[in-house]
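This report refers to the structure that appears directly beneath it.
We just call them A, B, C and D in the order they show up, numbering each chain from 1.
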């Protein structure tokens, strides 16, 4: 499909556009040449312009937010759900007979079963049968399934940063599946646009802390994806930390090589899996979150510690782009037949 | 009075100890050798330890917060009110017959009349007659009145940073009272401990903005104090800005010399007024907020621009110390007969 | 000229590409469809790829930096100079007979005479006669002169933030030229890419300070531009401050209305001058630097304080974009016949 | 010894007072009632006042910095060395016959042998025989040896944050010595007071990165201390990260229980080792660096993940206090017979 042709462009809606991932979708789609953004919704800000809620969007997108029930009378080719978990599955359930395809950015359709969902999210899943239809939208690993999917579960930010660098090692059996430790550090935009005590500026600035130790919801999402890649049941330790910066996740991973592994082996498995990927950059020094800010890149570095016989992997993403809205647009591009980079070509913004 | 003697120490209470100024009072008073902290109150956190609300205080002060009505059965020599404006005046009104003296950190008793109060605070003052009894608690300028005051109105953070550097210039008639511009920049702790959209970390970090242009409540407080010092009615332009740091106010002031003024004149008026003050440091380069963090210092710098015939004054304070709790303790020290530095001797903490 | 046509694209070079303004030019030009970037130079990093110096540019621009003398054998349509002041004028002097047009991002050609230059920069100008040929490249005000200029002096970051909001007021004679106070706050990238004691992280973070009081080099640049617009000699007070954030300038301006001015007058002069400008956004609340980050926007807000009879103007820009590289590309677009927005269409990046 | 008696106070010197650890020693000792600070030295700033180099110390300590060779004619009871590694051992070697005792804050005397030193520091040790005399100055674990030591090697910041929380687990044999992963995050003051490209504000702010993977010099220091406590040879994975804040280290540790361990076991081993320690606070939620800022506290939290059978330990310190100058003063207090808390009683400063 020609990106700039004059034939009817696919129509797209964003359900829940007033949060950070929703407005980031608006930002990215505002200069996507191939689609037509037909509706953006918000319950709490309905009637306002998106640029009143997010002033940086003035003159970029001044469209008015509408309540989500209005979309029931509209036709779309594809709809993004940037809703809280629990709310998203209600929307999917209610609209499961509609024609449009869905990219859901919540956690509602990322897990394999209602039971696992309930264990980690502490609520009952409302449409567990649809879990089997949902495709886990990590393009670099599951691209073929995404092409024709009707429901794509866009991965979480932490899982994206953990699964992408582990995939080459697990796919080729270089590391033990038993001993994987994932220590992640996230900027504060990952906590959402709503003010909370934990995101109060003086409480975060000049501070640093771990949270959700041994109980964060992204744990089973990471484990299920790694288990598929590694062909076996994988459990991991995952610890997230809150970092005093706006955007970015750095994930440090510790794993055990199964046998004698050399630095060159690490390089070659990365190259085999990722050398043609437009959004993966293999680094020869530890990456920094600033180098990916505002972009859809995932930068990866691997290092062998022969002294302790361990592999230390570091990866960085922008949690709102490759960790959310950018990856969602990458999924849309795959689903609608665009080149994957369309709309995602702005370089990172540093410093 | 001997600071460490074994005779009965004055008993002190903090009404509203769970906010930033209240907990800062706890921090400072926890190592004040001369007083006995008898009660700390909070309505919203009553029953919890202060160190559960502010974990940094663990093992420093683990006293339990009590509801403020409990203090009605207690005796105090002095009570600090770290309450929101509007609430403070209710407490003062209800307890006006009690024996204890009061240092009020709210804005309720800083202005000269109920009419001015209503104009800027948009609520009716509940005990306007008490305004005349209240002493404006800026020790460097009004020390004599504080000694015997029963009600001290502790100055606002911005006013402290603006009045102290302007006082020597106005007191000796060096500047025109007509043309004073006060451009202030404050850290975010000045907005209080409660999470609000405007203090959400990603909204403040990597941001900077003015607010309250031409309508901030500290304006009349600055004007009334300057008018007393300058012996005439003074109006000022005052613009506050929100700065992405936790503690500190920098105020930049522009004023007009009345006639030929030399740099030496600026130095000598500062020296005459402040050379023996323990908490004023005159700087020969522009001061930085980091140099006063955690301390009760106010650093001041004056510069003459002969090209434009204007004086540019810069000052810095820690908004929670000299701008709130530290100055309140300084006032208490004066009222109870301690040396002014007692409890306020910790050096600044930098970087 | 068609932006994406296959006819030969104008060839462009960047002299001094390793600093912040140089790499920002690379970032912007990397997705400019109308030009061909032929050379990027650096003396200190010659031989390295630009993406080795600025890792965020990996896969965006991996061109090798060459020494600037290599460009002597190359043909260009236009060359950007992102060199320090003093170095820039040497380049211009040596290449004044070459065919290429120049956009100089240094301060070397912004002032009207060698004498003024020497007074503020403390060095002798090496080609003062060329000062008369240089056009001050503020497109919104001097667009006509830029079209055919051979040498454009790209404005400084602070001057851009001060001149744009003052222009409508001065052009229509609404304010007194005698009483203009400009209080500016800049992020740290304005101090350049080179590590200095004053930009050491712990010295800037959690700090805030004024610098260059009454002696900053941008003062005469502001005064000369305002004098042209206001048709008379204008002197200003200008005070810059160093703010703990990466990108962004907020400028707060205080000025006196010449006679009875109403809020509507302020709105209408802004509208008359700027309503069709693609990069000026008039705000009805005080703007924030985050809202323009990464973009070429200048956001402006005006407020009348009837109580003190003063106008308070606030403006924000990204110092590296509208304050440097973005404006330089805007100038290039004008000089080469492109639409002004080409290459500058990425929305701001917030939070 | 009475802390405030009038008998001759022990005389103390600080060799290398102009860096962050040196000036932090000045800050702490300026209000230590029991010692007399007789000399502070600096080669690069000799002749200046310490308060000219660190303006926050104005009126706190205005002593003049002298060259270190001047101390050869002075008598001291104890000398702190706040010198770079490599320089410190030269001082110790040259002054090994002097009467004063030494607390060395560099890494020069922390390791057991010249060979290990050379392997990790890449330089030859100049007085390897003295390594056997040096006592590793972690009071909570090696207090008895410190009392009479003539040379105390003050621990590194990262090692302090890692060894203290691991000690109770290793001492009682609760964890496997084979599988310890230490993921540390430090504020930027840990990189020293000297401006470097890696500490340039825009390069650190809004960034986050790992460094020194598998090769950081604190690794053998951690391993040697843990091996002593665990009575066996212990190797660890240690990865430091640079965090955009001034002060504070958070260390996240992953280790394997040797057999069935319960949460209560973790609590009780902590209590047994640390319940009477004045500077250790056991937390029941993950600690935050803000809660210890400016203080000598080390806060520790332990959590069992029964799902993966792993213990996750988090600890925080202020890298300049418990990680450097505060611990050095704690060591001095032990050596000179003071209570350990003297001079270290200021509460943390938050927010």
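The rule is simple: a residue touches a chain if its C-beta (ideal position, glycine included) is under 8 Å from a C-beta of that chain, and two chains touch if they have at least 3 such contacts.
Just so it is clear, the model here is predicted, and its values are computed rather than measured.
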Return the chains common to the contact lists of chain C and chain D. A, B
Tell me which chain's centre, taken as the mean of its C-alpha atoms, is farthest from chain A. B
Chain centre separation in whole Å, for chain C relative to chain B (CA means): 40
Using CA atom averages as chain centres, what separation in Å is found between chain A and chain C? 36
Multi-partner residues in chain D (2 or more other chains touched) are 20, 189, 202-203, 205-206, 244-247, 287-288, 290, 293, 351
Footprint of chain B on chain C - complex, ascending: 179, 181, 183, 185, 202-203, 205-211, 213-214, 235-237, 239, 241, 243-248, 250, 252, 254, 286-290, 293, 303-305, 307-308, 310, 312, 314, 316, 351
In the complex, chain C residues that touch chain A: 20, 27, 30-31, 54-61, 189, 206, 246-247, 281, 283, 287-288, 290-295, 297, 299, 345-351
State the interface residues of chain B toward chain A in the complex, per the touch definition above. 20, 187-189, 193-197, 199-206, 244-246
